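Shared between the two complexes below is chain A, which has chain B as its partner in the first and chain C in the second.
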Partner chain A sequence: MSTLEVEDLTAGYGDARVLHGIGLTVGEGEICAILGPNGAGKTTLLRALSGMIKARGRVRLGGTDLAGRSPDALARQGIAHVPEGRGTFMPLTVEENLRLGAFVRRGRDGVNADIERIHGYFPVLKDRMKQAAGSLSGGEQQMLAIGRALMSRPRLLLLDEPSLGLAPLVTRELFRIVQAINAEEQTTVVVVEQNAHLALGIAQQAHVLETGRIVLSGTAEQIRADEQVAQSYLGYRV
Partner chain B sequence: MSETDSAQVKRAPAPPAAPRRPAPAGPLAGRWRWVAIALLLAAACYAPFQLVPFHVFQLTMVLVYAVALLGLNLLVGHAGQISLGHGAFFAVGAYTTAILLDHWDGMPYPVTLPLAAGVAFLLGLAFGVPAMRLRGLYLALVTLAMAIFLAPLLKRFEELTGGSMGLTLAKPAPPAWSGLAPDQWLYFLTLVVAVAAFLLAHSLLRSRVGRALHALRDNEIAAEVMGVRLSSYKTLAFAWSAMFAGAAGCVYTWVIGFVSPDSFTVNLSITMLAGLVVGGLGTLFGPLLGALFVMFVPSISQDINDAAPGVIFGLLIIAVMYVAPTGLAGLAERLIKKIPRKE
Partner chain C sequence: MAGFLQQVVEGLGAGAIYASLALALVLIYQFTGIVNFAQGELAMFSTYIAWQCVAAGLPFWLALVLTLVVSFAGGMLIERVIIRPVEGAPELTLVIVTVGLFIFVNAAAGWIWTFLIKDFPNPFPGGVLEAGGIHVSISTLGVLGVVAVVMGLLYLLFRYTKIGLGMRAVATNPSSARLVGIRVGWMLALGWGLAATVGAVSGVLVAPVLFLEPNMMGGVLIYAFAAATLGGFDSPLGAVVGGLIVGVAETLAGAYIGVIGSDLKVGVPLVIIVVVLLLRPQGLFGRAVVERA
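Right after this comes the complex of A and B.
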């Protein structure tokens, strides 16, 4: 029911069009990786999906047409976007950041229980609850950003470069947790990632983006096995 | 990504076995903050019985400005918008009160408070709609224009506003049971309004609404994807902020008993903003400290050099900002942190 269907999506900034007719489908509870070189439009795709930028085309989540809605309306529809650079509210405490994640939910029911749940995934946040979020390390901030997104109980989680600026060990841990979250909560995940190896490790399907178009789609296995793709777009040899 | 870098630098090595004690949000956190407030309140109740009437009047005016700055703090300190025209909302509250008391005999003065606050709220809402599309310097300019055109407007409708002569009113008299002098009665009226305003602002900021305002101040885009509707919250921040300024204006009229266009020049708006920044943006005690500053520092400047009080006042603002870039409230916090604590 929370299947994401995107058809003929075009978007850009001002006169510059970045996405040229993107079409993809992500099944409920699936993880979809978006790969591609710099400037391919990966971040723009996520921004278009969460309403941060205006887009044309059809976007449906669980059968509801979401095209042209504002970001806050999309948040209420169950789309949680962990933006590039994490979007941490630096002066606010970790707890305030998490509670802001539950902003779209009416009533207090379950918010405290959900904070417990987030602590389960990210125990390090528990000891930092009263600390200013800006004092956390990069990895901790990324965990906070994902935890905050989960507080809205999203149907669709959009992750933009979770590995950016993090140590390889921290990144691996983070991807392991994303996989656990996906398995436990059946949240549909779209993850944009430069580190193709890691992303393909947790995704069921992947799309390769180049200059605003999808040039290759397939299961994670297929994409991983495609030698030419590996060399041209992903920067590693099979 | 300088934010990320500084966060990395500040990060303390995290011992996985023994979680470090979470640092308090501020030195005046939790119980101690309320002890400080209780002491302050006790002193505020005691002071008028020890001071000469003129000083009681000065303290009353401090409270009036504190309420106005509390409102401005909501908008500037917490919601991250700017207003160079908040004196206009203050004036609207003051004039609403004066006109009501002047034109309707037997109008009980406490009724004018919610009415003045309500009119200012609606005006703030009306201004908030264009304001939500503007930011930074553009918003500053539009709000400044609001302050500039107010005085000529007030001079226009002479029958209502008394023109440039203004309106003179009787001040609220102390009821016999209180046994207070007029100046003391006005002081306590103002104190009640100020405490109520403080509690209202505090509970507003601690709620979901307060979190939404902080979010849009700190990161507009992230706030939006969290589901905060920017247009509504920016407009409402303007309206609430205007409401506090309007309430302060109302109490101003009670206390002074006279309004005229010259009492609400552009200077008032600028002084309010300067006072708030000096006091400490986005802090609990900033509005009170700022109000003390704008009330007392001009007269101190006058004492230092009779010829150029404006220059001295300006220099003092620069001096304060130099030693306390986060305002007097920030400075106080830094000093309290230096006191060694027993574990």
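Right after this comes the complex of A and C.
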């Protein structure tokens, strides 16, 4: 069971509180989209979930309470966070980046098999295994970041703005792959995205965040049909 | 010509020692961004431990192994206890802390072992080999060999082991390293342990040449700084190449530039530091860091 349950989560930077009591539940194998304007606290929410910043409240993954743990401990618990800016190890090779994704795992055979599996999702990475990760294009780096996250065989995948800085076609392809990964591996996904259209296209449920609070929750269809969301984030009227 | 080559060989022998201490400096700088002014003193302290073991009757090589193990643990302990609390502090704070460590270790060594010079056994047999009119002492060859082995072992560690990969990840992107599940704090401690071990090797190599006393490493540290600056503070290979170049440059300058002679030789590393910082601040093998204004 890898259900993510978040209750009354507050977090911030120093004295500035950014999240004010977030509560949400993502079922096992579901994709949850977090929408909202700049500064709403979307990135902060993911950081709180992966332990990058201190948070208060309850976070449970598959029934285990994870609140207050360090990022490396959470990674070992199966949370893989693709951070804003992708967190690429630039001077290391593509292969080394992927192997680092499997750092928390033991045994070599499984790791090699998983590299094959990542090649299946992102064939472009296969030809670049010995290349420095910093020499990849933005889209390729995003694929590498997701591939790196998958190498840990995560129970929960956190994606922060995967579309940032990518061409529309590349972004669409990326979302298609995220959907395929979710379908094949039953990985629970929380995706933060400015491009509400795309995110709602693959998500089962969505939450709209504004100034650190959830102002609207529902299934992807409900959110898409909401007039206010349509005006603010989708660029058209229902 | 033979005379010139002879000077080059002597320079390489001295350079190998600078290289090993520079390697220790670079290891710590890579992982923690700290220029460890106390590196030489730690090496000196390790050398005293080796001396003490030998004085207690242990065979030299066993004493060496023991010293390396103690140095490794000591380096890790220093990171955990002294460096950890100031992790992420401004550079000036870090510099002050390592300078404080320098003074403390220096004084501690003097307090324990006094400031009288001690004879340190040379691990290599005496004797000189000759080829084409050039004389090389076995001990010089030994020093070069040891530094090559240390370099090789570090390369294998970083290139082919999981823990080495983890350490490189921490050096390039600590926050991302944390996200993939690496215990960053332990990797930093490991970096300090490795650096202290490599430094101990340089201390043990230099002691038979200079005699053992608490201020033995002061000059060597300056040469090591020049070597690391020349090679690039973020490049272990650069540290070694830089060390060899500094050693050769110093010896040649002493031999062929009349004004310098053996008295002003110590000025050579300072000239090298200034010239490198003016012309190529990132060093020969270092990466230039470009930041957007």
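Keep this in mind: the second predicted complex is superposed on the first by the 231 of 238 C-alpha atoms of A that agree within 3 Å, B and C clash if a C-alpha of one lies under 4 Å from a C-alpha of the other, contacts with A are read in each partner's own complex, and residues count from 1 in each chain.
Going forward, contacts are C-beta pairs under 8 Å (C-beta built on N, C-alpha and C of every residue); 3 or more make two chains touch, one makes a residue touch a chain.
Since we're looking at a predicted model, the values are computed, not measured.
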(request) Report clash or fit for the pair chain B and chain C bound to chain A in the combined superposed model. (result) clash
(request) Check the residue A:R224 against both partner chains and state whether it touches chain B (first), chain C (second), both, or neither. (result) neither
(request) Could you figure out whether chain B or chain C reaches more residues of chain A? (result) B
(request) Could you look at A:Q131 and tell me whether it touches chain B, chain C, both or neither (first, second, both, neither)? (result) first
(request) Scan A:R155 for contacts with chain B and chain C and give back first, second, both or neither. (result) neither
(request) For A:Q141, decide between first (touching chain B), second (touching chain C), both and neither. (result) first
(message) Looking at A:H207, would you say it contacts chain B, chain C, both, or neither? Reply first, second, both or neither.
(response) neither
(request) State whether A:K42 touches chain B only (first), chain C only (second), both chains, or neither. (result) neither
(message) Output the chain A positions appearing in both contact lists, the one against chain B and the one against chain C.
(response) 50, 52, 70-72, 75-76, 80-81, 83, 87-92, 96, 99-101, 103-104, 148, 152
(message) Using the touch definition from the top, list the residues of chain A that touch chain B in their complex.
(response) 50-52, 70-72, 74-76, 80-81, 83, 85, 87-93, 96, 99-101, 103-104, 124, 126-132, 134-138, 140-141, 148, 152, 165
(message) Give the list of chain B residues in touch with chain A in this complex.
(response) 1, 3-4, 6-8, 10-11, 14, 19-20, 22-25, 208, 211-212, 214-215, 218-219, 221-230
(message) Taking the touch rule as given, give the residues of chain A at its contact with chain C in the complex, in rising order.
(response) 50, 52, 70-72, 75-76, 80-81, 83, 87-92, 96, 99-101, 103-104, 148, 152
(request) Sort out for me which residues of chain C touch chain A in the complex. (result) 162, 165-166, 168-169, 172-173, 175-184, 287
